[in-house]
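Chain nomenclature is as follows: A, B, C and D, assigned in order of appearance, with residue numbering initiated at 1 for each chain independently.
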Amino acid sequence: MSIGRTHWAIPEGFIPGESLAGAERPLISHEAACILNAGAAVAHVAITLYFVHRDPVGPYRLKVPAERTLHLRFNELADPEPVPRDTDYASLIVSDVPIVVQHSRLDSRSAQFALVSTMAFGA
Amino acid sequence: MSIGRTHWAIPEGFIPGESLAGAERPLISHEAACILNAGAAVAHVAITLYFVHRDPVGPYRLKVPAERTLHLRFNELADPEPVPRDTDYASLIVSDVPIVVQHSRLDSRSAQFALVSTMAFGA
Amino acid sequence: MSIGRTHWAIPEGFIPGESLAGAERPLISHEAACILNAGAAVAHVAITLYFVHRDPVGPYRLKVPAERTLHLRFNELADPEPVPRDTDYASLIVSDVPIVVQHSRLDSRSAQFALVSTMAFGA
Amino acid sequence: MSIGRTHWAIPEGFIPGESLAGAERPLISHEAACILNAGAAVAHVAITLYFVHRDPVGPYRLKVPAERTLHLRFNELADPEPVPRDTDYASLIVSDVPIVVQHSRLDSRSAQFALVSTMAFGA
């Protein structure tokens, strides 16, 4: 069943450069775009990153198979370049078929981690 | 009074496998879909879960009576199968009458728990 | 300038019965509906609460003056009756002029408090 | 690529007056409006603040260049006047071109900070 939008924006991007000492993957500070493709066709997704003082970077390209979810960590984007830490950015996510995008962050700079989550803006 | 949509998506699903030692029900790590049926007819709801590497699971079926709320814990879904812990998933919630769905999680892996809450995507 | 909707829903209502020992008002566990009336006319607002196992309660009536905000704490609603603690509920907020409603909770059951905030569902 | 709305509301404004002793800028309690201007033209933005017991204050004026993001801290607004601490307020953000606005707060009154983030209401 197809649900969603083809354009999604996340204005508040920020990956903390620090994490709890010794944290394993689930508790390392990270930022994610959780994507649901509930439709019958693969989604071809292009992500562009926007910054305060320099030109946009991208597109980062990825696929989400039909009837699958992908919890993409911005920390792990590498091509065309990694996402800088401790830096304000924003992202625009464009798909060729409808998807739904939710933004989340786990911040473990503190000894106790903090979480945020919100639906991205879809258009 | 009827308010809402019939299709709701929550891309970011994740139930932490751990909780505070000795936590009682209110503070066990959990994920919830809080449903409001403000209308005059019972809502028949079907939930489908989407994963990263395997086919969708569902439907999970439940009813929300007229003029009632249900704060459904994904942890407690059992039929057709329990929701795996420490696993990325997403959910699609379909109702035969308009409802409103809000997503929340309490994560008590840390000695101090963390909370998130956001409106689901309605269509 | 008028902005918003006249009907807003918050499915996830829950006021923790406990707070930090000795907490003063800002850090007592509470749940709020933050209302913005940016228009030129007073907003007459009616709130109805929905529960899991009993009939709705309300309306709770209040006014938000023109060009003012009100950060309403559900903890402080009294007429027709107080909101029960440690109990799942939901709310429907109806206004005669457009308003914007944001939902937030401060949970200080833990020695370190947790916060959530999300825009309500507007229709 | 142009995406967004020209009017955005954030009903829940509150800047905690306290922070962790010795906190540096990233961990000082603050509230932000994260703005994405993904379009080809500069955005001229006007912010008005609404209060509980007094008239609105503003406009605060700023620009977001084409294809840039700005993570505006309300703490740092100064003209026509600073934003009062420990005071309920709301904000209305108007742009001459489409933008996307996300609201976030870092609250470090506690020894462990708390985070919230939600998309603003766009119209």
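A few comments on the model shown:
The rule is simple: a residue touches a chain if its C-beta (ideal position, glycine included) is under 8 Å from a C-beta of that chain, and two chains touch if they have at least 3 such contacts.
Model, not experiment: these values are computed from the prediction.
Annotation, chain A versus chain D: rotation angle of 90 degrees from the Cα superposition, expressed as a multiple of 5. Copies chain C and chain D of the same chain sequence form an interface built mainly from non-equivalent positions, shared numbers / all numbers used being under half. With centres defined by CA atoms alone, the chain at the far end from chain B is D.
Taking each chain's centre as the mean of its C-alpha atoms, chain B lies 22 Å from chain C. Rounded to whole angstrom units, the spacing between the C-alpha centres of chain A and chain C is 31.
Under the contact definition stated at the top, the residues of chain A that touch 2 or more other chains are 112, 114-119.
The touching residues of chain D, counted against chain C in their complex, run 7, 9-14, 48, 50-53, 55-56, 86, 88-90, 92, 94, 103, 105, 107, 109-112, 114-121, 123. The touching residues of chain A, when paired with chain B in their complex, are 1, 3-4, 26-27, 32, 34-36, 38, 67-71, 100-102, 104, 112-119, 122.
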